[in-house]
Amino acid sequence: MDIATVGGLVGGVFLMFFGVVVNGLSPLQIMDPASAIITFGGGACATIVAGSMSRLFNVPKFSKFAIFPRHADTAQLILTLVQFSERARREGLLSLEDDLANLDEPFLKKGIQLVVDGTDPELVRNILETDMQNIRNRHSEGSTFWGDLGFFLPAFGMLGTLIGLIQMLLSLSTGDPNAIGKGMSAALITTLYGSFGSNLVALPLQKKLLLRDGDEYVVKAIMIEGILSIQSGDNPRIVKDKLSSFLPPSERAALDEAGV
Amino acid sequence: MDIATVGGLVGGVFLMFFGVVVNGLSPLQIMDPASAIITFGGGACATIVAGSMSRLFNVPKFSKFAIFPRHADTAQLILTLVQFSERARREGLLSLEDDLANLDEPFLKKGIQLVVDGTDPELVRNILETDMQNIRNRHSEGSTFWGDLGFFLPAFGMLGTLIGLIQMLLSLSTGDPNAIGKGMSAALITTLYGSFGSNLVALPLQKKLLLRDGDEYVVKAIMIEGILSIQSGDNPRIVKDKLSSFLPPSERAALDEAGV
Amino acid sequence: MDIATVGGLVGGVFLMFFGVVVNGLSPLQIMDPASAIITFGGGACATIVAGSMSRLFNVPKFSKFAIFPRHADTAQLILTLVQFSERARREGLLSLEDDLANLDEPFLKKGIQLVVDGTDPELVRNILETDMQNIRNRHSEGSTFWGDLGFFLPAFGMLGTLIGLIQMLLSLSTGDPNAIGKGMSAALITTLYGSFGSNLVALPLQKKLLLRDGDEYVVKAIMIEGILSIQSGDNPRIVKDKLSSFLPPSERAALDEAGV
Amino acid sequence: MDIATVGGLVGGVFLMFFGVVVNGLSPLQIMDPASAIITFGGGACATIVAGSMSRLFNVPKFSKFAIFPRHADTAQLILTLVQFSERARREGLLSLEDDLANLDEPFLKKGIQLVVDGTDPELVRNILETDMQNIRNRHSEGSTFWGDLGFFLPAFGMLGTLIGLIQMLLSLSTGDPNAIGKGMSAALITTLYGSFGSNLVALPLQKKLLLRDGDEYVVKAIMIEGILSIQSGDNPRIVKDKLSSFLPPSERAALDEAGV
Amino acid sequence: MDIATVGGLVGGVFLMFFGVVVNGLSPLQIMDPASAIITFGGGACATIVAGSMSRLFNVPKFSKFAIFPRHADTAQLILTLVQFSERARREGLLSLEDDLANLDEPFLKKGIQLVVDGTDPELVRNILETDMQNIRNRHSEGSTFWGDLGFFLPAFGMLGTLIGLIQMLLSLSTGDPNAIGKGMSAALITTLYGSFGSNLVALPLQKKLLLRDGDEYVVKAIMIEGILSIQSGDNPRIVKDKLSSFLPPSERAALDEAGV
């Protein structure tokens, strides 16, 4: 579980309540179901128009990666690829067929299968890069959803405030400062909701999912480089040198200890 | 019909009225034809200067795709291309001439025709990519129109509010708080219109049309890859592997069941 | 004449006066020469610092394209290029020398001259693409001018308002609400001018000129593709297929009727 | 001297004073040394953190180009390159060694020297393009400085206004409208300074220096194209055709008159 | 130590206190622990959600480069590479093995090792460029952290102000202008904190770290060019010409004096 996502969200909500209480307000005074419906409902409607029903249904699937990252053990992946390259040089590319059954990463499996089938290297790269590009396009739906929501929420918060202001100004004739203050404070609550939802939840989740997509891109790039190196029969030491460039120095040591 | 577009727009309008009623206003109190003329008329004028008459006339044509998507059945398209590749390998490229009559997608038809005519592969790619690029340029007119409108609407909403404020400030001497409140609330209605039109309608439609253009690009990219694979006589299994990368995993299963 | 530019500008100005009158103001009440000098003069000064004297003198030349587009009849251009390709195949590249005198488009003339002179194809492409790039750089001066002006106008409008506000606040001690209202309304007029000049004139003209540059790019790209196809002796039917991709489907029909 | 830079800056300052006087203020009333220190000092501090000491010391060197442009006579440069190409074809590349002493443009000199030394053409291009890229990177320090300053100045102007507002609000209890007005007007002066410094000076200078860098890029690109054409022994007429594409049509005539 | 970073930060904080004192406030009056917790805590929470725990732990490591730059003596590096190229031409590539022990820059060491091992030049470039790209990706975590924080801080400052405003408006009925002023001034303090933290600290540090990454990129690019030149056996004078292009003219003189 990614405690940065959970901890940051919980901490941000707590700080907001802290701010409310420190200002001498009761949390109930900033709770207003109608304001929430206008702001979050309106933002969601605009985001739905901007996207598609299928994207909407995919939001939970893609967003769960913000909390539960795909635990790609990059060092282990490189180790596997180096071992494959050793075996391929010793026993030939066809010997990798036995390892296919043990692979549960579909992208890697597909690549090794193409190599075992004797597909032309240029075509292997072409197919894997198209596949990677399309995986990235599909996964970008998650970050785009949160980015759209983060863009529209403050606008609908401000729309709610505008409506509240218009109401308050129209009833200005009562001249009751108490009523005016209540009207304006109520009007500001939608702006508060819109800004909070956008800046604590939607935009940070967009950035987090973009980060995850970047991590996944690196893993896929390692797989493609490794598969093509295996196919071209590179020296396993060169394969390791090439792929370990993707690791931070601290993790490269782990690779060396593994004795490859 | 794309229920995301229709549902989102209807829901957003409904929520706005909900917000008005919940604030104790009658919907009639935020209806002002003059404000609508200033905001939407001004935004439309700026958008027309920025574009061209022909683009303006094309808006309905391009925008209808936001509600009625071109239903490109991508899996079926891949199936067709794989069958063509099988036939071409068995009976030669010329045998595809018989299938041309059944094709109603002009882009695919043009590509297969070029292949049947024995055009040089490099030239086939060149012609089809130029065609695709120009299709995309023309279709981008739709999203550009809505993007321009979404950019200019809030500016003209604010201009209307400025004029209203100037009027209200000039009549401040009456000292009647009721009149002042009425003046300011009326002034804010153009800002409300501009923001609502931009954030619920114009900008979401821009994003939706960009999404559609992206979908169409994928379909055209599949066609180009498929046509060139057929021409170069690739193994039908490779053609399928190559093209199915464009599908999400869930739809690939359907392709496999189809028995290709 | 481009009625979108003229109609949009006239309509926008008319709507602004409509808004003024509907608010119960006389148009004279928002006319203030000093405010206009501060806003438009200041915006122009910043735009001049950002550009160069020569760019400033070129503004009318480049901006007239916003109203009087260069009427490039693209279908006719393609027809000409296809006819050239037929003649070149029949009678040799040198036969095109006779047609040079009838060409009044300098770019096309230069390209055909290079081909007639027997220049190396790679060099022909190189020279024509450099030329096109430099034409685009020069023409971008027009859109950059309007873009800079559209960026700086609202800032100087706000500066004028700030000065007016400072004056009004310093004379607050009079306590005369009438004077305060007049001061603030006067202060807001520069903001009105800056926003109006930017959003109805400067930014739409920038976008329009960018659109024109895009159109011109397409025309030049057709010329380059056509010239190189003629030089390499492509089949006239292929030349037509290649170049007609640049046309929208509706105009392609016209090309077919012309019987090429 | 670039009168656009000097005239625009002087005109903008004059207009600001005009605005002050027209509003019935004395210029002394908007002069406040403390406000200037807070706004410009704060903006400068942030810009210094964002950059480096060496960049700061280079600001005068790079910024003087905004007023005194490097007068690169492009037509003369092309003439020189065409003459070199004629001589090189007639008397061989080594004959250019005699011309080296007369060249005072270090970039051109370096390029011709490489050609005279018989360096491999690919290497000549590689060295000259690296050099050009690094010249551009160094010169971009000037525009980046002004861009950073233009970004931070309004923020520090607003910070000054916030502090002033807090002071004014804390002394609200006096109830003296005169004091409140004075406090608020004083608070707004830092916003005035920040916006004026950013929009009349910093951002226009950034754009001007970017323009100069673009001009210099064109000059360097002409040199690289010319040097490589000379080395590959291109026909001098072709060299002229190639390089004159970089000139606007009006200046090409001058080149033709020069009789090359 | 980078005195621009330290001096700019200290100067900016000093100027802020100067502004406070000049406005007749005591610095204690703008110190409010609760406001600091809401603004900086909220901004940090959003930044943590947007990033990852490991990035958070790396912030000190990456940020220290803003104060203590990696002192890469570029001229010395070029000197070393030119000496290597002389030795390699005289005594062969294998002779460089003796120099490996003296190299403490891991990137340069890795490159020379690959050359000594007789790795294929294309592969050397491929491995080193992958390595450089991954180093840049890792180092960009520092600038991304400060950029995210600089983006979210003003938003949470405004959220704090909104809460304060709501509280103030709800207690408007007391009608005590003193209390109202105090409430509003307290509400503005979070905006002050958010803007100050963003514009003096977070955004300038982001820009500084991006600058450092750019410097490091140049150093790595020199290493790659140098290593590949050594491997291809370029003339040491050519190696010097090629690499000195990366230096500003002032530092090139130093290189010449060094007598290479």
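As written, the chain order gives the labels A, B, C, D and E, with residue 1 at the start of each chain.
The rule is simple: contacts are C-beta pairs under 8 Å (C-beta built on N, C-alpha and C of every residue); 3 or more make two chains touch, one makes a residue touch a chain.
Everything quoted here is computed from the prediction, not taken from an experiment.
Looking at the partners of subunit D and subunit E together, they share no chain.
Considering the contact criterion stated above, the chains in touch with subunit A and with subunit D alike are E.
Minimum number of contact steps separating subunit A from subunit E: 1. Residue numbering at the subunit C/subunit D interface overlaps only partly, since under half of the positions present are found in both copies. Chains compared, subunit C against subunit E: the Cα-based superposition rotates one onto the other by 145 degrees, nearest 5. Mean C-alpha position of subunit B lies 25 Å from that of subunit C.
Each chain gets one centre point, the mean of its Cα atoms, and the points for subunit A and subunit C are 40 Å apart.
Of all residues in subunit D, none touches two or more other chains.
Chain contact summary for the complex, subunit B toward subunit C: residues 34, 37-38, 41-42, 45-53, 56, 106, 110, 114, 119, 123, 126-127, 130-131, 134, 137-138, 148, 152, 155-156, 158-160, 162-167, 169-173, 175. Listed in rising order, the residues of subunit C touching subunit B in the complex are 2-5, 7-9, 11-12, 15-16, 18-20, 22-25, 29-30, 177-178, 180-182, 184-185, 188-189, 191-192, 195-196, 198-201, 203-205, 207-208, 211, 214, 218, 225, 234, 238, 241-242, 245-249.
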